[in-house]
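Taking it in order: structure first as structure tokens, then the write-up.
Chain lettering (A, B, C, D, E and F) follows the sequence in which the chains are written, and residue indices restart at 1 in each chain.
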Amino acid sequence: MADLTHFDAKGDAHMVDVSDKAVTARIATAEGYIKMTRETFDIITEGRAKKGDVISVARLAGIMGAKQTSSLVPLCHPLPITKVSVDLTPDPDLPGLRLSATVKTTGQTGVEMEALTAVSVTALTVYDMAKAVDRAMEIGGIRVKLKDGGKSGRYEAT
Amino acid sequence: MADLTHFDAKGDAHMVDVSDKAVTARIATAEGYIKMTRETFDIITEGRAKKGDVISVARLAGIMGAKQTSSLVPLCHPLPITKVSVDLTPDPDLPGLRLSATVKTTGQTGVEMEALTAVSVTALTVYDMAKAVDRAMEIGGIRVKLKDGGKSGRYEAT
Amino acid sequence: MADLTHFDAKGDAHMVDVSDKAVTARIATAEGYIKMTRETFDIITEGRAKKGDVISVARLAGIMGAKQTSSLVPLCHPLPITKVSVDLTPDPDLPGLRLSATVKTTGQTGVEMEALTAVSVTALTVYDMAKAVDRAMEIGGIRVKLKDGGKSGRYEAT
Amino acid sequence: MADLTHFDAKGDAHMVDVSDKAVTARIATAEGYIKMTRETFDIITEGRAKKGDVISVARLAGIMGAKQTSSLVPLCHPLPITKVSVDLTPDPDLPGLRLSATVKTTGQTGVEMEALTAVSVTALTVYDMAKAVDRAMEIGGIRVKLKDGGKSGRYEAT
Amino acid sequence: MADLTHFDAKGDAHMVDVSDKAVTARIATAEGYIKMTRETFDIITEGRAKKGDVISVARLAGIMGAKQTSSLVPLCHPLPITKVSVDLTPDPDLPGLRLSATVKTTGQTGVEMEALTAVSVTALTVYDMAKAVDRAMEIGGIRVKLKDGGKSGRYEAT
Amino acid sequence: MADLTHFDAKGDAHMVDVSDKAVTARIATAEGYIKMTRETFDIITEGRAKKGDVISVARLAGIMGAKQTSSLVPLCHPLPITKVSVDLTPDPDLPGLRLSATVKTTGQTGVEMEALTAVSVTALTVYDMAKAVDRAMEIGGIRVKLKDGGKSGRYEAT
């Protein structure tokens, strides 16, 4: 059975040694969604033009959240992030917002945790801003869509 | 149509004024899950006893994450948290881990964002620790289960 | 000659003891501006509608910055902020943006440092977003406009 | 008309991709001032020798503030800072303190935001320490004095 | 045998619930030392007057460190600190510096962790500043000297 | 007499310029201990199996603490840490826990401050978790055991 790399031979947690890994260009994209009532969906998507922009606040929170990843995830390495973008796309069929985050670095380890953190913080911020009108919103579908660069090669979700 | 409280009359984002809200005991519980392959599930749940404890690392990350909520969610108020607990329950039918976080405060605003953040950071940490064996894990079902205290009264998810 | 309260009898810096000060409602407003070329001014103010909203990004940064005040200013007390709002008003005569931040708390010490920090971070963020087109922008006029609540009474800048 | 680099074609804010920029030695110097009454000026400058050193506390705050830049300015890249120095020079004609900060890195993007942040936090700290004797202090003249390294070449303020 | 309060009945770590504890005035003092060679001691203590003040930099770091306690110690509650003071006293017999930190709050739980953290960060900062001349410095004797306020009553180290 | 590198010719503190230092593989190990009563020692070491794992919580806190070093120690450079491991070894003769932390980076300056910080935060966390049964625990013996990489060569404590 495969082993978890974050534990040593004694079973103690540690930060994996990446000292000898190559410094390469790395990219990761994560996705997710936040589901809401039709009424909340209408308020948020109309609001974009007229009443206040939930989407741009949440996007910014996601970008800033990516930079906090190594403070939040205990065994995650600090990384010099070179790019973060976050997209929120209204999906009337959900109804809700489809979230996507792409992070790049030139470093010794991948950035999928940064992309997943960006998506999570984006979703939490949408919840925070719309919770006064809808407490039952649900965050889901958070997963890695794409990861490339580094020794383990390209991964794309099916 | 209801209004979003985080925007003023001009549509500009601001932190809602809670100065005049009563200081009351408040509690919130959030839940979620992380779904994985059967093999990953076995590694994590066996690992608890033998090889290294993903679950206790993730629990601690969730508790610490709750304390960072107001730094992560832009319009969220800083709060003197009085209790955080995080539970991870293996569910072989998922297969994966069911996550739950309960946060309490005595303050002027609710703690559902802290509970949701605890669940999110717990899930991200499980992903980080098991990603070497399973990149396709999915985080979902994140929502508020219970919220009580404060003017808006008790809310329980159906 | 008046003494600086942040130093003890030996001249050593310390955080002033506010344990015995009353918990009262407190408010502070700070202001400032960022001056730029006419061309930059036009890009930012037009951009609001069409190309990307510098003003809403900077407002959010200012609000989040207010929450970091006690981490940035060494002898500043941590405070449960109950409200932050930040305004950026285009002033074609400057040309540039007039900045204003209002912070409230119910606590044992004032929030003028939080308001000043909000204005400063707002200005820095405008600079960051427009620096590709204008490196000569200047930040100035940062001062306390209003402070109220607490033993020392109301202060209004002349 | 020039475009703002922090917005994509849709007008959404993002962190600029610097992945393909060269890793070069970069330096930036920013300046500013804090203006005060003559009496406050005398207290601070005398205090240096006798009663407690506002200037050294503020210098340290500025240095530490530079390290928080990418947490404060939403679209700013995290950078491995290799040097920070902050100077505060009493100017009896202001009266007040002239502030200057120089930051260096070997990285893919410039450090003018770090230098501006250092100056801003230095000024805020002076305000905090002297506010008990002078609420009307004003922070101004914050701008980039020098920027060098990187593709865009040397910039010196006129 | 007594139980550890940070674990629940299942043995899982959690943040202790202090919701029902009284809000009272609390104080704690911690102490420690950093031992060095005679030459290093002379440099630091002379330096106070002439060459650069290790002691005032370390004092400030300790004060700021106290404010980060709940971010560093996983199960520690965030607290509205109302006072921090840190003292460093040269002891030629050690030779080295005797450290002491006193923290106050009006809250639901004690501040001994804040006082211990202040002493630890003060000691680390002295090490950092003098490490170029003395790598063998040793930090020790870190303990709680006094704790008062709250249900468990006064504690004084013997 | 040797000079302290963190002060310039005027005696002002600054962050040492490491821009021209080589990027090399660097490692540091620090050690320390926390001494406690026999009863506390028994609770913690038995607890490992049965009641809740103080040791694994403290290890994780130490690892996360290493990542906060440059925020805590004022003149310390931010570094891309590539590995952290923390060990806690029960020593019945102390009685207490022997602590050790090893940190690696590929950078322009050493990681002994990160290793010392990891040991300190680990010790503080043990104190926090056991303080309900033993307030008289003492943290000591914190020093650099090994440092290698970089111009100044290998150092081993005697």
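Following the convention adopted for this analysis, contacts are C-beta pairs under 8 Å (C-beta built on N, C-alpha and C of every residue); 3 or more make two chains touch, one makes a residue touch a chain.
Remember, it's a predicted structure, so these values are computed and weren't measured experimentally.
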item	value
Any chain in contact with subunit A as well as subunit F	B, D
Which of D-E and C-E has more C-beta contact pairs	C-E
Centroid comparison with subunit B (C-alpha atoms), farthest chain	D
Chain centre separation (subunit A, subunit B; CA means) in Å	15
For subunit B paired with subunit F, centre-to-centre distance based on mean C-alpha positions, whole Å	30
Inter-centroid spacing, subunit E versus subunit A (mean Cα positions, whole Å)	36
Two or more partner chains touched - positions in subunit E	8, 12-13, 53, 56-57, 60, 64, 68, 71, 74-75, 80
Chain contact topology (line, ring, star, complete or other)	other
Pairwise chain contacts, counting only pairs that touch as defined	A-B, A-C, A-D, A-F, B-C, B-E, B-F, C-D, C-E, D-E, D-F, E-F
Subunit F contact footprint on subunit D (complex, rising order)	25, 56, 59-60, 63-64, 67-68, 78, 80-87, 104-106
Residue ranges of subunit B touching subunit A (in the complex, touch as defined)	1-8, 11-13, 32, 39, 42-44, 47, 50-54, 57, 60-61, 64-65, 68, 71-76, 112-113, 116-117, 120-121, 123-125, 127-133, 135-144, 147, 155, 157-158
Interfacial residue positions of subunit B with respect to subunit F in the complex	53, 56-57, 60, 64
Of subunit D, residues touching subunit A in the complex	8, 12-19, 70-71, 74-75, 77-80, 107-108
